[in-house]
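As written, the chain order gives the labels A, B, C, D, E, F and G, with residue 1 at the start of each chain.
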Amino acid sequence: MEILLAIMTGILYASGTYMILRRSIVKLIIGIILLGNGVNLLIFLLGRITKGEPPIISPELKHFADIYADPIPQALILTSIVISFGLQAFAIILVKRTYKALHTDDLDMLNTLDEDS
Amino acid sequence: MKTLILRTASDILLPVLLLFSVFILFRGHYLPGGGFVGGLIAAIAFVLHAFAYGLKNTRKIIKIHPGFLMPLGLLISFGSAIAPLVAEGLPIMTGLWVPGHFPVIGKIGSALFFDTGVYFVVFGVSLTIIFTISENA
Amino acid sequence: MTDIIIIIVSILGTIFAMLAAIGLIRMPDTYLRISVNTKAATLGVGLLLAAAAIYFGDIAISSRVLAIIIFIFLTAPIGGHLLGRTGYISGNELYEKTKIDDLKGKYNKKTHELSSGEESEDSDGEDKKHS
Amino acid sequence: MNLYDFLYYVILPLLSLAMVFVFIRFVKGPSIVDRVIALDLIVTIGIGIISIYSIINNQPNFLDIALILALIAFLGTVAFTYYLEKRDKDD
Amino acid sequence: MTENIITYPLVVHLFFSIVLMFFWQKIKVQKILTIVGNFIALGVAIAVFIHIWSNGTQVVNAGNWDAPFGIVFVGDMLSATLLLLTAVSGLAVSIFSIVSVINARLRFGFFSVYHFLLLGLNGAFLTGDIFNLYVWFEIIIISSFVLISIGGEKNQLEGAIKYFTLNFFGSLIFLTALGVIYGLTGSLNMADIANKIKLIDSQVLIDISAVLFLTAFSIKSAVFPLNFWLPASYHTPPSAVSAIFSGLLTKVGVYALIRMMTLIFPQDEFLMNLLIVLSVLTIISGSFGAIIQNNIRKVFSYLIICHIGFMIGGLGVFNVLAISGVLFYLIHDIIVKTNLFLIGGVIYRIKGTTNMKKIGDLYHSFPKLSLLIIIVLFSLVGVPPLSGFWPKISLFLSSYNNENYWYFGALILGSFITLVVVAKIWSEAFWKKQPEFSIRKKKFISFGQLYTLQKWQFITPIAILAIISLYIGFGADHIQTLSLKIAEDIIDPQNYIDAVLKP
Amino acid sequence: MLLFVCLGFIFSFSILFLHKIVKGKLAWLSALVPLSIFIYFAKFLKRVSDGEVIRSSYNWIPSFGVNLDFVVDGLSLLFVLMISGIGTLVFWYTSSYLKGHQYLDRFYAYLGIFMSAMLGLVLSDNLITLFLFWELTSISSFFLIGFNNESSSSRKSALLALGITGIGGLFLLGAAVILGDISSSYSIAEIMQQSNEVVMSSSYIFITILVFLAAFTKSAQFPFHFWLPGAMKAPTPVSTYLHSATMVKAGIYLILRFSPILGDTYFWNTTLMIVGAITMLYTAFHMLFRTDLKAILAYSTICALGIMTFLTGIGTYEALIAAMVFIVVHALYKASLFLITGIIDHKTGTRDITKLSGLRQGLMPVAIAGFVAASISGGIIPTLGFVGKDLIYESTLHSEYYPYVLTGISILTNALLFYGGFLVGVKPFLGPKKEEYSKIHLPSIRMWLPPAIMVTLGVVFGLAPHLIGDTLVVPGSKILSKTSEAFHIKLWHGFNLIFWLSTLTITVGTVLYFVLKPSHALVKTIEKLEYISPKSIVEKLSLLYKIVSKYWTMLFQNGYLRHYVATYVTFIIILVGFLLYQDPRIVIDYNSLADLTVYEITIIIIMFLSTLFTVFTPSRLAAVASMGIIGFAFCLLYLFYSAPDLAMTQFSVDTLTVILFVLVLYRLPKYLRFSKNYLRIEHGILSSIFGTMITLLILKVLSQPKKTEISDFYAENSYVLAKGKNVVNVILVDFRGTDTLIEITVLIVAAIGVFGLLKLRLKARDKK
Amino acid sequence: MRSQFLTNILLMLMWVFLTGSYEVSSFSFGFFIGFLIMWIIGSQKGGNKYVKILPRVISFLFYFLYAVIVANLQVAYEVMTPNLNVKPGIIKIPLDVETNVEISLLANLITLTPGTLSIDVSDDKKVLYVHTMYVDDKDKFIHDIKRGFERRILLITR
C-alpha cells in the first residue's frame, strides 16, 4: 500500500506543479492546494502508516496496550492543514482582488513589473 | 438564496450545529475533535445561515462581532500559555491542572483553555473571512 | 444473533447505496438523478449506520448514530430541493419524455423570484414569451 | 465466514464499487449540477463505508467523523447551488 | 527559572499584537502602543543579550517537557544577537511607519501584523525545533504577505502573487524536507536530529534532506536561482515594510542556513561545495541585476541578493574565520539594509518616485540628509572603516586560504559593483540636476510640506540606524569579538546539543 | 600624532557647523590646518635624518589585528611634508580661486578629508589601516572630481575614477589580507622582517599582482591611466593637489613601501619596468597631441608617474633614491604648473594652448614662476630637476637589465617632458599679446604666491640637494633597500657621461619645442585612434558587462511566474536527481507494508482520477468540485490509516475552501486555455520528473528503519502526565502547544489580510 | 422568553444525548452551553416556532422512515429493470399549508416519497412545484398529495 501511496504523492506533486505552471491564477491556486495535499500525504507516509489503530487511548487504559499509529505526523499535518487553510484563503482573495484590478485571470498579464522601470 | 425550505432548515440547524461544535471542542482531549474542528463547525453554522438569509440578517443575530472573537480567542490561548510563566515561573505552555474529573471534558487544565482559545480564533477567523468575501463578492 | 441482524441490515444498506449509485448512472436527466440520490442513498446509509449502532450496542454511541441518521434525513431532501431548483434555474434540460412542465417560465430570469402563476394569467403568459 | 470477514470481503468492496459508479457520473457530468449530485452521493456512501469500517476496527470514534461529514457535506452542496444561482443571476 | 527570559521577546510581541487588535480603529492609540511595545521589546532584547552573554546558552523547554519531547527555545549568542538586531530594526521601522504609512493602512491592522511579523522573526531565531521553525516561518510569510498586499494597487498585487507562490513553494520544500528528516530520525528537535542523523547509514538520504532544507532556506534568503521573488516584490510595498523585509526577512533564511549547516549537517562536503557555487552565482546575478536598474529600490533589491551571496559563500567555506565573517556581515547587513529602504522611502517622499532617471538635486536641496544617506550608502559599500568593510577581511582571507578562488573573485566583483552602483545612485539622484519632468502625484504630501515633528520621525530612525552602523564600523572590535565568539561556539555542534539535551 | 593625522577629518567635520566662516572672507585661515600639520611633522626631520624611525601606535580593533600604527621614516615623512606643504599652498590658493563659490565649504571639507586620508595612507604601518586611508583618498577624490556636479561629464569622470581606483582598492585589500595571513600580522614593519617567507610562499605572484593592480590603477599606469585626464574636470586646486602632487603618487608610494617586502625578484622588477616604460612612452607621445593645458599636464603627469614606476622597477639603491627625488621634483613643478594653468584659466577663460600668448604682460610674476617650473621640469641646471634627471640616468645606466635600452627610453621621455613643461609653463606667456587679454592683471597674491614658493623651493633644493637628500630621501631609501650605505646627492658631478646625456635631453626637448606646434588637427588625429585606446576598450567592456547583465537578468528575472516556478523545480530536480543517481538503491521490506484492500485501492483510484480530472477539466467549477472529491478521498484515507482527527480537519477545511472558492469564483471569467502546447508538454515533463523523484525519495526513506523514541514517550505519558487520551490533541495543545499558538496566529493574520485586502481599497475609493 | 427557555432545555437534552453521559453535571453543563448559544445568536426570527414544532418534527421522522422505504423499493425496481419506463413531469401543487415550517415539512416529505422531488415553493407561498417520475394523471397526483401529506401535516401542526 505504501508504494501506491508514494506514487499517489508523486502524482499530487506533479499535478500540483503542473497547475502552478499554467497561466490561469485559479489554476495556480488549485495547484497550491494539490501540492499542500501532496506534502501532507508525504509526511503521513514517511511517519509510517498503521491501519485501524488511532492514537487514542481507550477509556479504560492509561496508555496504549497495542500498536498504535504514530501521532506526531498527524499533529504536524494538522498544523500544516490549518496554516495552509489560512494561506489559501488569503490567496483566493488575492486572486479575486487581482481580477478586480486587472480584469484577467491570466498570469502573463502580471509580468510588467520585473522589467526595468 | 431566497428559499423558504433552506431557511427553515437553517433555523433548526444553527443552534444544533453550535451545540455540536462545543461538544466537539470539549471532547478533543479524549476523542477526535478539539478547538479547531469545533470552531470550524461553529463558523459553518453561521455560514449556512448566511447562505439562507443573506449576510445582513446573519450579522444581526450574532451578538459578538467575529472580528472581536479573534483577539479574544488569541488572548485566551496566550493567557493559558503564559499563565505558568506569570504564576509560577515555569516555562510557557506548562500545563496547570484543576483537581477533579468532569464528564466529557475530563480534567480541566490550561490545555482546555488553550483549546477554547483556538476554538474562538478559528470561529472568528472563518467568519471574518467568509463574511468579508460575501460582502464584497 | 446480533451478527446476523448486522449482516442483514448492512446488506440492505449496501443494496440501497448500490441502487442509488446505479440510478445515478442510468437516470436520463438531472431531476431524476436527484430523486434517486435523495431516496436510495439516504436509506442505505441510514441502514449502514444502524448496523454500527447495533454492533456497538452502547447508549452513547447509539444516540450519536441516531443523531447522524436524523441529520441525514433532515438535510438530504433540502439538498435535493436546492439542487433541483438550481438545476432548473441554470437551465438543465428535462428528459425528452417529460410530459408536463408547470414550472416553465415561472422563475424571474433576473431575480429568481418564483411566481405561483396564480395572480393573473397575463403575467403568466408574458413570462412564457420570455422563455 | 464471520461478521468481520463478511463486512470486509463483501460489504466494503460493494460500497467501494458503488462509489466508483458515482464517480463515473461525476466525470461524465454533463452539467455541474450532476457533478454536485455525484459529489454529494460519494460523501453519503463514504459515511456508509465509515460506519462499516468502524465496526471492523471496533472503533466507535470513527462514527464521529461520519457525523462531521454529514454535517459539513450538506454545506458544500448549499455552497455550490448558491454559486450556480448567483452566477446565473449576474449573467 | 531565569532562562525563561529568552521567551520574553515572544511574549511581548504577541501581547502587543493582541492588544493592538483590540484597538482596531484607534490609530493614535495604536501608534503609541506600537512604539511602547517596540521599546519594551528592545529593552527585553538587550536584557536577553546580556543574560546570554553572561550565562551562556539558555534553554527553555516549552510546556516543561524535556527535550526532545517538547518544543525547546534555545538562546545562544547567535540567537541573542539576532534578537537584538531585530529589536533595533523593529523599533526604527516602527517609528518610521508612524509617519510614512498612510492611515488607511493603519486602520487595517498594520501594526498588529507588524508585531506578528516581529514575533515570527524572534520565534524563528529562538526555536530549537525544526517543525516549530516551519511554523514561525509561516507566520513570517503570512504577515509579510499581508503587509505586501494590503491596499493592493496593481503592482502590489503582482508582487504579492509572485511572493506568495514562490514562498509557498519554499514552504512546500521545507515540509518535504521535514517529512524526510522525521522519517529518518523520528525526531523534530534539532539537537536530537543532529545526534540521530549520524546513525543513518545512507549518506545520500542525508544529502537529499540537506539539499531540500537548503532549497527551502535559500528561497527565503533569495539565493540564486531561487531569488526571483525578491526583486519582483520588494519594491512594491510601503518603504517601512520593504525596510523590515530587506533587513530581516532574507536574513531569517540565512540564519536558518547557518543553523542547519553548523548544527545538523556540519562538514558536509557536498553542501559546502554547493553553497560556494550558489554564492558565486548569487553574487554575479545580484550584481548583474543591480547594475541595470534605474529604480533605486530595485537596485537595493538586487544588492540584497548580491550580499546574500557574500554570506552563504562564507558559510560554504565553513571555518571559524569564515563564519565570523558571515556573522559580522549579517549584523552589518541587517542594520544597513533596513536603513536603505527607509532612505528609499524618504527619497520617495521627497520626489514622488525612486526612479533615478526622474530625480536629482537631492544633495543641493538636502545637504545634511544627503550626508546621512551617504554614510549609510558607504557602509553598504564597505568603505573602510564603515561597517560593511570589516567582514570582508575575514571572508577574503578564509576564501583565499580555503582555495575558493571563484568565491574570492566574486567577492571582489560584488564589492566593486556595489561601489559602482552606489556611486551611480549618488551621481544620479544627488548630484544631477532635477530633470524637467516630475511625476509627483496630485494629492501627494511631499517631504517639504510635513510638520517638523513628522520630518524628524522620518529622519530619526535613519539617523539611529546610521549611528549603529557607524558603531559597527568604528567599534568593529566589539562586533568582531562577538562574531568570533559566536562562530567558535556554533562551529562545534556539540555545544548546542549538550545545552539542549543535557547529557 | 593621531590628532595631526586626523586633523583634516576634524576640520571637515567642524565645517558642518562652521560652514559660514569657511565660506567667507576668512576662508584662507583654513590653510592653517595643513600648515600646522606641516610644522608638527617638520619637527621630526632631525630625528629622521639621524636614521631614526618614529612609531606611534593606538589600539583600535585588536581582534582583526588592525591598529592605528603610524610610522615616520624618510619615505613617509617625505610624503607627509609634501602633502601638508603643498596642501597649505593649495588651501591658500583655493580661498581665492573659488572665492564666493556656493559650496566652498564642502570643497574644503573634501580637501580636509582627502588630506588626512593621504597622511594616514603614507604614515600607516598597518596594512588594513593603509587600505582604509587608501580607499578614503579614492572616495574624497570622487567627490572632488564631481565637484561641479551639474555637469554630466564631471559626474562621468568622477564615476570612472572611482571605478578604476575602487577596483584597485579591492585588490589591495586582497593583497593585504593574504599578506597579513602569511606573516600573521598586518604590521608592515613585521611583514618586512618576514619578506623571505612572503617571497617564497605560493601566493607571492598572486599578492604581487594584486599590489600591482592596486598601485597601477591608483597611479594611472598603462593601461589604467585613462581615468586621470578625465579627473582633470575637477577644479584646478584638485588637479594640483590630488592628481599630480599627492594622490596619484599613492600607488608609487605603495610600490616603494612594498619593495622591501615583495621586491628584488625578476617578476617584480621586470613588470614594473615594462609597465613604467610603456606608460612613460605612451603618455609622453600623447602629450604631443593635446592642446588643452590641463590635458598636456595630465599626460605629462602620467608620464612622470611612469618614470617613477620604472625607477622603482630598476629597484637599486640609486634608483630608489632617484625615484624619491623625482617625486619631489615632479610635485614641485607639476603643482606649480597646474596652479599657473589655473590662473591662466581664471583670467582668460580658456586653456587652449593655441589661443594663448603674450600673457607675460600683466602676469609677470606668474610668467617667471612658469619659466622656473618649466626649467625644473626640463631638468635645467641648477634646479632640482637637473638633480633628478642625473639620478635617473645614473640608475638606468647601472641597471641590472638592459641599461642602454632603459637609458634611451629615459632620454626620450625626459625630452618630451621638457617639451611639455615649456609648452605649459612658458608658451602662453611668450609671443604677442592678444587683444582680448589686454585687461588682464595680476590676481590676488593668494593665487600667484603658492606657485612662486614652490618653484623657488625647486631651485633651492637644486642648489642644496642635501636639504632633502640627507634628511628624507637617503634615510628613506636605506630602509627600502635594506642598506646602510651612505649616499650624497649632489648638483654637480662634473662633465661626465650623465651630464652629456642631460644636455642631449635638453637639446632634443628644445628642438621639439620649436619644431612641434600644437594644433587641433593633431588632436583630431589622435581621436581617430581612440577606439583602440584602453579607455574605449574598458568602456566597451563595461558596456558588454551591462548587456550581459541585462540579458542574464531578463533571462532569469523575466517577470513570468511560471518561469520562476519552473526554475525552482528544475533546481530541485537537478540536485536531488543527482543525489538519487549516486545511490539509486531502494530496498523495501514488503512484509512490513500494510496490506492492500479493495476499498483502499478504490480510494486511491478515485483520488488519482479526480486529480487528473482537476488538472484537465476545462471547467473551473468542475475542477473545484473535483478538489472536493480529492479532499474527501483524503479524509477516508486518513481514516483508514488511523488518523480520525486529520480526517475531520481535512474534510472541514476542504469544505470551507470550496465555499471560499465558490464565493469568489462566480465573478471570475471562465477558464481559458492560455498556454501554448509546447509549454504544456514541457511543463508536463518537468512536473512528471518532479513527481517521480518525490515518489522515489519516499520509497527510499521508507526503506530505512524507523525510530520511535519520541512517539513512545507520548504514548506512555499522554494520559499519565498530560491528562489526555487523544494523543494527537494532547500534542497539539500541550506537547507541541507552541506550534498551535502560532498556527492560530497565522489564521488571524490571514483574516486580517483578507479583511484589509477586500475593504481597504473600497475605503480609498470612497475618499475620492 | 418562554420559548427561549424551551430551546435552551432542548439544547441541553441534545447535549446529554450527544455525550451519552446522563449525570447531573452533564445536564447542568448542557444547560449552560445551551444558554450561551442562545445568548450568542440572540433573538432569532423563527426560533420561537421551531421550539414548538420540534417534538412533532421528531415524531414525524418515523413516518418519513416508512415513506423512504417505500420510495426506495420503487426506485430499486426502476433502476434494476433494463427499460426506463419513466414519464416525468413538473407539476404545480397549490398549497393550503401556510407557515414556513409546514411548507418545508411538506416539501421535504414529498421529496422523500415515491418518485417525487420538491423543486421549489413560489415566493408567495401559494404553490409547490414538484417533479415526479410518473405523470399519468396530473389532477389525481395533486389530489393524492393534498389528501395524503398536506392533510397529515396540518393535522399535526394545528
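The working rule: a contact is a pair of C-beta atoms (placed from the backbone, for glycine too) under 8 Å apart; a residue touches a chain by one contact, two chains touch by 3 or more.
Quantities reported herein were computed from a predicted structural model and do not represent experimental measurements.
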Handout entry: Third chains touching both subunit E and subunit D
Key = A, B, F
Practice task
Work out which chains are contact partners of both subunit F and subunit G.
Solution key: B
Practice task
Taking CA centroids for every chain, report which one is farthest away from subunit F.
Solution key: G
Fill in the blank from the handout: Check: interface with higher C-beta contact count, D-F vs B-E, is D-F
Exercise for the section: With chain centres taken as the means of their Cα atoms, state the distance from subunit D to subunit G in Å. Expected result: 22
Handout entry: Between subunit G and subunit E, distance of the C-alpha-averaged centres to the nearest whole Å
Key = 61
Completion exercise
Distance in whole angstrom between the CA centres of subunit A and subunit C is 33
Exercise for the section: Could you list which residues of subunit C touch at least two other chains? Expected result: 22, 34, 42, 58, 61, 64, 67, 74-76, 78, 81-82, 85, 112-113
Exercise for the section: Identify all positions of subunit F at which a residue touches two or more other chains, and write them in rising order. Expected result: 557, 559, 561, 565, 601, 640, 644-645, 647-649, 652-653, 655-656, 659-660, 663-667, 694, 701-702, 706, 708, 710-711, 714, 725-726, 732, 734, 736-741, 743-751, 753-755, 757-759, 761
Practice task
List, in ascending order, every residue of subunit B touching at least 2 other chains.
Solution key: 1-3, 5-6, 9, 12, 20, 30-33, 36-37, 41, 44, 47, 67, 70-71, 74, 78, 92-93, 95, 122, 125, 129, 132-133, 137
Completion exercise
Chains touch one another in the pairs A-B, A-D, A-E, A-F, B-C, B-D, B-E, B-F, B-G, C-D, C-G, D-F, E-F
Practice task
Quick one: which bits of subunit F touch subunit B in the complex? Just the residue numbers, please.
Solution key: 644-645, 647-649, 652-653, 655-656, 659-660, 663-664, 666-667, 722-726, 729-730, 732-734, 737-738, 740-741, 744-745, 747-748, 750-751, 754-755, 758-759, 762
Practice task
Using the touch definition up top, name the residues of subunit G that touch subunit B in the complex.
Solution key: 7, 11, 14-15, 18-19, 21, 23, 25-26, 29, 33-34, 36-47, 50, 54, 57, 100-101, 103-104, 107-108, 118, 120-121, 123, 125
Practice task
Spell out the part of subunit D that touches subunit A in their complex, as residue ranges.
Solution key: 53, 56-57, 59, 61
Problem - Partner subunit G, residues of subunit C touching it in the complex - result: 15-16, 19, 22-23, 26-29, 31-32, 34-36, 38-40, 42-43, 46, 58-61, 63-64, 67, 70, 73-74, 76-78, 80-81, 84-85, 88, 94-95, 97-104, 106, 113-119
Practice task
Going by the contact rule at the top, pick out the subunit E residues touching subunit B in the complex.
Solution key: 1, 4, 7, 10-11, 14-15, 18, 21-22, 24, 60-64, 70-71
